[in-house]
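The two complexes that follow have subunit A in common; it is paired with subunit B in the first and with subunit C in the second.
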Partner chain A sequence: MEIRQRVLGFITARFPLAELTGSEDIFSLGFVNSLFAMELVMFVEKEFGITVPNEALRIDNFRTADSIAALVQRQLSVTA
Partner chain B sequence: MTSVTDRGIYLDATGEFVDAYIVPYADAWDRAGAIPEDLLDRLSGAGLWAPFLPVTVGGQGLDMIGFGTLHEEIGRGCSSVRSLLTVHSMVAWAVQRFGDDAQRERWLPPLAAGRTLGAFCLSEPAAGSDTSAIATRAVPHGSGWRLTGVKKWITNGQRADLFLVFARLGAGTVAFLVPRGTVGVGVRPIDDMLGTRASMLAEVTFDDVELKSDALLGPSAFASGMVLTGVLDLGRYSVASGSIGIIRACLEASAAYTEQRTVGGRPLRELPLIQAKISDMVTDLRAGRLLLADAGRLKDAGDSATLMATWIAKYFTSTAAARHAAEAVQIHGANGCSPQYPVARYYRDAKVMEIIEGSTEVQRTMIAAEAYRGRVR
Partner chain C sequence: MVVGVVGAGVMGVGVAQNLAASGYQVVLVDRDEETLDRARATIARDCRMSALMGGPALDPAAVLARITTAVGVPAVAKASVVIENVTENWEIKRAVHAELDEVCGPDTVVIANTSAIPITRLAAVSSRPQQVVGVHFMNPVPAKPVVELIPGVHTTPKAMERTRALLAGMGKKAVQVKDSAGFVSNRVLMLTVNEAAYLVYEGVATAESVDEVFRGCFGHPMGPLETADLIGVDTILYSVEVLYEHYADSKYRPCPLLKQMTDAGLHGRKTGRGFYTYPNGS
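So, the complex of A and B:
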């Protein structure tokens, strides 16, 4: 499955009522707090076997499923 | 990671350490309201301060399941000592997880060795459960910041060398590493608490403290939110482990006492109402360990489900500890109310477990919210 789809799958599993597209701002949905932010980062690291470096822990990298997918791609190419 | 045999030896040695150096003295420390320096040194010698740190910086590379076992062991001996380890672990973990190379190089070796002791500064006189109410504030100053505010109920604040401080910066909340010796940092001891009386609490004040750019932990407010979530999660895991230790201590004390104390010529242990209390301690000890092991396993796997698993483990174990400590005092009768037996200390310490690292009410709110998210593990 595409990275973007797997990210969306994780978010909608946590929030079944969220109807989300790849470019939609996750943090504008209202239910996102620092707990979910942490869950999201942990999910991304485990699911794709990457480490998100400190300098990449910026909200812009996690704002949408598309931006998360781009971050994962970048990290995968760093470790490859 | 240490090898499995090393791990087993290390954890067994911790049990022996607790029996030799903690159990016999914990009541005296509780009365004195402090943990003596020689015990702090012994904790360093045994590598107990931050054993999850990698071997390369002086840690033991211990996994989180092992860390839980360790804090159960310490917790069965003395909740005050366990509290010191809890807040220190939170600081060490935060530096390891979110520090840049320079911060890691500077702080991890002394934190691993126990040469530098850490304390966690979030609560304030007017902000506890509601962390969004914190008023400690940082304002940009040159390439760094100036920090002003008051932190209250800081475990080991009296003795710690390095404070992890949460403060407002603009609209967000950020985390700073502030060495105790920094100009403008003040420490006022808080004594005579109900429980964990030897955990050397303090009010720590920051009066226009000048911080350089290397004080900020995590590169942004987004990251700092995670620093807070992450360290509280680890603290909660440690408190859950310590609460299991309290249940175990209550069970051991109650089993010993009911064997030798007689009523009407029969030992208490033969009375069904006493057996009911003991059976519940045995059962909750096992159940608590399973919940903790679940949270620990998920942590070791890097699975985000550990966050909720840890809430649940802490809720279950802290409330069970408070219940069983009350029953342990009950079983001991007047002796249980006296300083001759440790159960009065367990009772006071257990109450604290229901308040710190997310109070029972806050935990129940979080756990219930999970049900309505439509996904319960």
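So, the complex of A and C:
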């Protein structure tokens, strides 16, 4: 829950006009481009101290705050 | 085939990565080691993110293995083609083209990557203007499949042919246009970005609103001010100034906000802040 909130906070800080829920596809809303996907990767790696494995660097893992939070959770449990 | 890449800023890094990923050996040069270290780190990161951005999956180590970095223009002396990507500023470009003219072999094709400066004017700096070709790469270079290709007045068909072959090898389609400051793309785009900056400067709309109009109403993937942050606000200003100087037409008067942002270091993504803020840099 907290991870998801921090991810949502990052997205809305960049796109203040967006009203987002955890399950919404941020790339389908028309205000985010693929460059932002890279920023999301850099954000979660820095914010949560993880390294996203190369095979997980797929757009599907970064479509929603929920899927990003799940990815972060998986990586945290791998490194824990 | 060895390709020299002069300038390891946003464009030079993208060109070097694109060349190396396409199998070319690259010599990438800039003025200091710090810039080159940053360039290598950027290429490693962008290769890692390639698939995420809709490109092919790239092995950062394999791409970097084809890139040699060095301080100073003379390191590209042995390259058969050199792509110059230094700052979009006449004095800086002029000095680099003069140095390339001294160090390169007589058969070397010199490609000027510029978004606005006339190729014939750059070629006039060289003792062999017939070997100078203009290519306007788009940013991010590896992700953009089309470029503008521009012959100068003296450019030979052979130099054009060699440039076309290299571009094809990089996976690029070339649209050939005549030499004219700003070519096609930036005659239109720079006026659009400049006018968008005026809207923010005058308080008519926020950057978010301007961009939302372009995305939502016109279906553009990015609005003009997001595009400015991606290109670099300083680069936008230099390009508008080039158009203003070249055409001596007041319709290209640069927006004071662009000047102020450039002075303040608010250059967009590359400095972490421009019309938008980028918490992680990039």
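Just so we're on the same page, the second predicted complex is superposed on the first by the 79 of 80 C-alpha atoms of A that agree within 3 Å, B and C clash if a C-alpha of one lies under 4 Å from a C-alpha of the other, contacts with A are read in each partner's own complex, and residues count from 1 in each chain.
Operating definition for what follows: a contact is a pair of C-beta atoms (placed from the backbone, for glycine too) under 8 Å apart; a residue touches a chain by one contact, two chains touch by 3 or more.
If you're wondering where the values come from, they're calculated on a predicted model, not measured in any experiment.
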In the superposed arrangement, which partner chain does A:A13 touch: subunit B (first), subunit C (second), both, or neither?
both
When the two structures are overlaid on chain A, which partner does A:M42 contact: first (subunit B), second (subunit C), both, or neither?
both
Considering only touches as defined above, state whether A:F62 meets subunit B (first), subunit C (second), both or neither.
both
Show which residues of subunit A both subunit B and subunit C reach, each in its own complex.
13-17, 33-35, 37-39, 41-43, 46, 54, 57-59, 62
Mind listing the subunit A positions that touch subunit B in their complex?
13-17, 33-35, 37-43, 45-46, 54-55, 57-59, 62
Listed in rising order, the residues of subunit C that touch subunit A in the complex are 48-49, 51-54, 140, 208, 211-212, 215-216, 221-222, 226, 230, 269, 276-280, 282
Sites on subunit B touched by subunit A in the complex:
98-100, 218-223, 225-226, 228-230, 233, 301-304, 306-307, 373-375
Show which residues of subunit A lie in contact with subunit C when the two form their complex.
10, 13-17, 30-31, 33-35, 37-39, 41-43, 46, 54, 57-59, 62
